[in-house]
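One structure follows; several queries about it will come next.
The first chain written gets the first letter, and so on, giving A, B, C and D; residue counts start at 1 in each chain.
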């Protein structure tokens, strides 16, 4: 399907059930056919803004944990994209919908939201760059897969802007770059046959847990 | 009620509602009158074992973040108590109930559990010792208050061992020591009138969030 | 002299002696009058490249430790400037001088260099954003002061490019932005009279130690 | 010679030159034959006290970075030994020599001292438990080797207490336990043939740098 690198494909295959629950969640299908209530979407968008604050901090931690200039550059580009672009997008959409910037910033963080970002950040703080990337990847790549699928399957125009963002060339390029970063980081530290390493199971478990926390996040989106 | 220091009393008063939900949760009342199903208790105990692993790591982080020998000593004593004593207690109780050590170690971590410990650890990693202590204190002190109350109010002997552990002199002494550590850490960094500092609100918010995550933990205990 | 904010001026005044040793070091004066041997300059430049790798990681840590969107934005702009621009500058100058990129990347890190960056990073990891900024500021601001002074005092054209970089509008703007970040971070966490806080002494001590490590760095520059 | 495990022996062999400079330093030989001036020894002891504060924090970080109960237990035992015992020993020796506890605590940290502990702590914060252990091991094991050798070679009684501490059963047992921890941590994460992993070179480089920083520390000891 997608071409986000070797490691991601292996990790996703090792977490098939939660991956399907995440990328085919009722929230996602509701964006596809336009049945998702606008209230739920805006609630999700506000929580996602809070999410992005901490997700950006987690990508900044990837810069801290880098061992090469290439790793630093790839991670810092993502931080920059998140802080300077994606977060501004949320501010814009919310303003159009009558949610002021002050209101957006003051959004109380839901526990399903908090659980996810703190898990990711802590995986990074306690481990090395690999442990962190395994926790960061499900969000990045899942949105890429969802965007690409909905771009061809959507039967409604209601959430077309959201879909286009993640189906677009820029975001798909980010997914490919992150896939390359994951593969090269694994190869540099473990070797080309990284899936044979004793660490592989733990990394796959981190990926799976982050995927489950994505499922909880969508579910939270349905209950404003 | 309890004498766990000035800062704790202030933080608890600023989080009255969640504090009551936590310390008077149905799970707690079920231990008091013995109506808590044994299955729920054992489920809780296994999750609590996983919790203690990460909670011990968080107290070890307090040693890393200490600025004085006294702070290091107080924090390392708590780490030691948790790892060498409290975790062994859980192993013992579980073995009595037919849950082997291997089974206990392999307990899958519930998301309500994960959310709590990762929030605490991340608060510490991203902030200083004060941010960490504000997140650590609700668990330590809440169990102290619950233990002390149930020791005098319990109408059933079923959970007497658990109650005695937290009502006992050792644990109450730990609560007092942690209360002193919190007060002295605040005074050293902020001054004697620490509650007037701009940081105080954020510290109280961290305390409140940790308290809410304790409520979720008890709730999880009721649903094995 | 410079207008890099209130806190910086206070911290500098509390570390007058090492600050003078740093900003008026023989290495600096040698750039001013052109007597600094080219070999020493290139040696310094290569070590400075290694320094910038870790200094960028430290600024990325400032993003991780931010509590507001403004703090994140200010810190991430600095990361970006360091990784995408300043490090490319070093690569360029070195190439002109016949030092290949591969050779530059392989520069063995001198202990005076390592001591400085690890001190800064560790101050950040163990403390909060304030502890980190107090360690980051001497490098940023000192170069700003040196550049500005040498722009008007230099009697030789030999090191004019280096001088212009740090005397230039871009770099001076960075110093002012970092000064504002330091002041606002202090005010947000401690209050407007931050210099009366018990933390102030420790922050000044961190600033002083980082300044002393800058002196060692210049000294190292004189001994290729 | 010593039996501190497989990985340590390999790492030491990969850093033969600095290892010899460290374990056979003039300071060490001066303790052996009693020619080391008492002033240098007391100066070293005071710096070593400051060193132990940060070294204990680094071992506490090893608890934070542990993935198993066994790893946590091994690391926390070392923290405890350092904080509750070794640091008390220094306090005692200094008091005997007329250096009060207050004076000891106020010892200004020399840059050679600071460089070493911040390097170790930062290696841990930026990497995983393996990166941290590679930086912690040279100090632990080197003192074990020095103590064992001097116990049989010393021609003077002047520094016999110091020698006996590190030659003693307790300390030698710690070295063996740390050797086992290093081997098991490597095997758990990388596999039994860990020296074939791409990570091995970096770990050996960390070990080597820490060893070089030990050489600087002894050298600093000679210059009160």
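Please note the rule applied: a contact is a pair of C-beta atoms (placed from the backbone, for glycine too) under 8 Å apart; a residue touches a chain by one contact, two chains touch by 3 or more.
Just so it is clear, the structure is predicted and the values come from calculations on it, not from any experiment.
Asker: With respect to inter-chain C-beta contacts, which pair, B-D or B-C, contains the greater number?
Answerer: B-D
Asker: Comparing centres built from CA atoms, which chain ends up most distant from chain D?
Answerer: A
Asker: Taking all residue numbers at the chain A to chain D contact, is the shared part over half or under half, that is, same or different?
Answerer: Answer same: the two copies use largely identical residue numbers here.
Asker: Can you give the whole-Å distance between the Cα centres of chain C and chain D?
Answerer: 32
Asker: Quick check: how many Å separate the C-alpha centres of chain B and chain C?
Answerer: Their C-alpha centroids are separated by 42 Å.
Asker: From the mean C-alpha coordinate of chain B to that of chain D, what's the distance rounded to whole Å?
Answerer: Result: the chain centres lie 34 Å from each other.
Asker: If you look at chain C, which of its residues touch at least two other chains?
Answerer: Answer for chain C, listing residues that touch two or more other chains: 57, 64, 121, 125-126.
Asker: Building nodes from the protein chains and edges from chain pairs that touch, which of line, ring, star, complete or other describes the result?
Answerer: Shape of the chain contacts: complete, all pairs touching.
Asker: Going by the contact rule at the top, pick out the chain A residues touching chain D in the complex.
Answerer: 64-65, 67, 125-128, 131, 187-191, 197-199, 202
Asker: Under the definition above, what is the set of chain B residues touching chain D in their complex?
Answerer: Touching chain D from chain B are residues 53, 56-58, 60-61, 63-64, 66, 69, 72-73, 75-76, 79-80, 83-84, 87, 105, 121.
Asker: Quick check on the complex: what are the chain C residues that touch chain D?
Answerer: Residues 57, 111, 114-115, 118-119, 121-122, 125-126, 209, 212-213, 216.
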